[in-house]
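What follows is a group of structures, each given as structure tokens.
Look at the two complexes coming up: subunit A is in both, with subunit B in one and subunit C in the other.
Here is the complex of A and B:
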């Protein structure tokens, strides 16, 4: 089970004529961190949408902890413990930041973990916000999400996922739009989560940070997996240099 | 005269709010414009009448039964009439409107059109406020409107289901990613909308007879209040009900009661042209599209 925590098998998805994902397979062992990289439009987000049930694949299977979860509705996959952030932040804009966490804290999944702790959801929410770098004793956690700067919204996405107490956490370009110092402050949080036993998938364009913390990286290009390996191996891969790094420096 | 306008303005505004609340709740949560709303309002008026007059069910129990059945009806109606066309706005409107017309015309065909079809008031009699007579039923309507708004506030702020309603309303995809079943919540939002419609019919229909036309009028009221108020803000709905309710009474007194219906239509057109998101509504969809 630790070996095949998540298995993606021959997954394909087309939109009209565009092959967003073609025949991609990979597997992920428990308590590891997988990086997914690739140029814009490579199909990274589509792959995540397939894993998390937002898009049904045309073919292929997704297996989580031995269960076939292919095509299950998104809310069921969330209940099974797969949490995701969105590349474009999607807060509950008209709720205060800490209330954004109330929904997952009310979920079946968390209730089964936390037993009868009914009254202290707000405190748990504030704790979680503090964990991702909201200043606890300031007014920030109580501000409406619509008034928060982008960096905070990114971290709110993260906190919202943590509130669900996930087993697999998928971060879609968490660092993009964050300042250098915010990224620097967030990396240790992710390392800590992994040390606590979480399994993570990170889609990132910030390769330096990603390569430092990833155990394995897969590279997508035009919907195909063109490379897979340790960060050090992937950096040296000629295909990757051409497809990805070449594109970036151009 | 002024006392009369204030009292009857408040009563009228409360009626509009009661009739519109369910329609706006459903739309606010799941963006479903339930064009069967007016028909549901009448359907449960007639059912209540049948419970009381044919089945001889005791009054309070008949109310309870009506409320429960209307909720179940809304839940089922979502899966039957809306689910398959969900997200295709025009199809949703056509499908729910067809359901509504079907219900209303069924009762016309059944011959439910005579003056014997009326519901009893909750409490008979009247009292004086500032020297002005008002019957208990109208007073109860005002109190019920206030009570229902208070209920809605506490429900959406302090219950799990109410919070799910708000989550879906604000960001459906995020809510799904956090384990909320959007379909079920949408069905429940229609269920609540129907139950609210039946509350309105139990309270408002005793003021007159139950008629097919008032079903179409109820839909018009719901749309007018929704559009003027901005469809997803409770303060907006209250404000819209007050504005429309008082304007109607003033028009009825100083112009002619024949013009009262025109107020809805004019209000809809003026608001759509001048401030399309309503008096207090926000164009949330814009943020969504980014």
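Here is the complex of A and C:
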């Protein structure tokens, strides 16, 4: 299943009179990294919401590993192995950081992976947090999520997705709000995940970092796909320049 | 050299569920706040006489309503209609006992289970609602039942069902509610800190992240509602046999408000809080009986003062103070 790992076919979605997504199609092969870029309001997050089952498309299909997953409820899509982060971080604020990971670890998908019952979910949670750069021996993993700084919350969000043992990981503006050093520390984590066989989709405004790690980039503007290709090709595309920089400068 | 140290700092190792206990004093420190209330509850009724025995029974049954209110609140569903569960349980048990002539234990058990099923089925369609929308629907449910019973004259109509068999044995009448109450209190406190309970709390915080973690939020809400219905319907079913009657007053607003005020007074989300809350409010309203109609005024003033002075609730306040107890250690 290297080719056509995820196929999005002619997906459209309108909110009232606004066409958020119109006729977007693309396909993604296994173990690759797709970047989705576009100006604000281009429909990037809507597209992700459609893939992950939070929004039902008006028309079109989403096919994951040969199965039609269009319109399935969100938790079923997550069960199939598609994990996502949210653009606005949504940790479980009342819980300590490591307890945030109990939720995906308690899901059917992970329970079945680990053969139903497995020892101590807390230990697994701490291991996962270490993987995304929480200091294991400090008190940080045990602190309440509400008291963590933004950069940690972003990585907590990433760890929550990894706990689900996903096959496709969708990162919605993971780098936004992270400091330069935090981004520099997170890029290797993403490269490592890809080396381990994960397929990734990244929505990103930090083009420099994205173009370095992406295999393919698609560009959305006003709900339409205006360009697709290797990062080096997309960056030369006239339409992309217009969309990003305005007509005069192009 | 001798210095002061907080006892709990020594016992608790980072997370909430790992303890390192090294002496009998530390064991006592952990056990006393749990053992003393339990012993009081078990022994007090025998010392206080039959009037207060009745007050304690009612406190326990109301406590069950408050505990179940708190469980619903832990998944973000704020109910304004505990009277709905209470009334359905009461009427179900009255129906089994009076209309079908079943013996008391059967009518209580059947009333509880069938009442819980009815409540869960009726609430199933509205569990997707959030916040104030869910509250309004639960507020309407008891009224809805009152009107149905009034107009169709089923289940005794406005007269209610009277002449229901009593429980008979005063020991059973006293200790079953106490045991069920204590069992629910400690059971729910355990449940909410288990991995299952963590998922429930996460649903309250942010249900979209729970969905994208591969968890069927609706199924969890349904399970939770069933547990809540079981506890509250038991309360109603038992009360029916104590009063030997059940009427439209089982759906009264009091039964919806008392659990809510107890939880707010005691501390929402702690289970111990609502339990303490009911054991203050129910006896309080008994003591205030001497003031006649002014009772409600005093009751409201006391409630108001408590909420203004202790906005976090009584239990979190006591807990914080208890954790601040210090001991002397040699360094």
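Please note the rule applied: the second predicted complex is superposed on the first by the 242 of 250 C-alpha atoms of A that agree within 3 Å, B and C clash if a C-alpha of one lies under 4 Å from a C-alpha of the other, contacts with A are read in each partner's own complex, and residues count from 1 in each chain.
The rule is simple: a contact is a pair of C-beta atoms (placed from the backbone, for glycine too) under 8 Å apart; a residue touches a chain by one contact, two chains touch by 3 or more.
As the structure is a prediction and not an experimental result, all values here were calculated from the model.
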{"item": "When subunit B and subunit C are modelled together on subunit A, clash or fit", "value": "clash"}
{"item": "Subunit B versus subunit C as contact partner of A:160, first or second or both or neither", "value": "both"}
{"item": "Subunit A residues touched - subunit C or subunit B, whichever exceeds", "value": "C"}
{"item": "Contacts of A:104 with subunit B and subunit C, given as first, second, both or neither", "value": "both"}
{"item": "Partner chain in contact with A:222 - subunit B first, subunit C second, else both or neither", "value": "neither"}
{"item": "Touching partner for A:74 - first (subunit B), second (subunit C), both, neither", "value": "both"}
{"item": "Partner chain in contact with A:88 - subunit B first, subunit C second, else both or neither", "value": "first"}
{"item": "Subunit B versus subunit C as contact partner of A:211, first or second or both or neither", "value": "neither"}
{"item": "Partner chain in contact with A:96 - subunit B first, subunit C second, else both or neither", "value": "second"}
{"item": "Touched partner set for A:26, first subunit B, second subunit C, both or neither", "value": "neither"}
{"item": "Subunit A residues contacted in one complex by subunit B, in the other by subunit C", "value": "52, 54, 73-75, 78-79, 83-84, 86, 90-95, 102-104, 106-109, 160, 164"}
{"item": "Residues of subunit A touching subunit C in the complex", "value": "52, 54, 73-75, 78-79, 83-84, 86, 90-96, 98-100, 102-110, 121-122, 139, 142, 160, 163-164"}
{"item": "Residue numbers on subunit B that touch subunit A, as the complex places them", "value": "160, 163-164, 166-167, 170-171, 173-182, 284, 287, 290"}
{"item": "Complex interface listing, subunit C residues touching subunit A", "value": "14-16, 195-196, 198-199, 201-202, 204-206, 208-217"}
{"item": "Subunit A - residues contacting subunit B, complex", "value": "52, 54, 73-75, 78-79, 83-84, 86, 88, 90-95, 102-104, 106-109, 160, 164"}
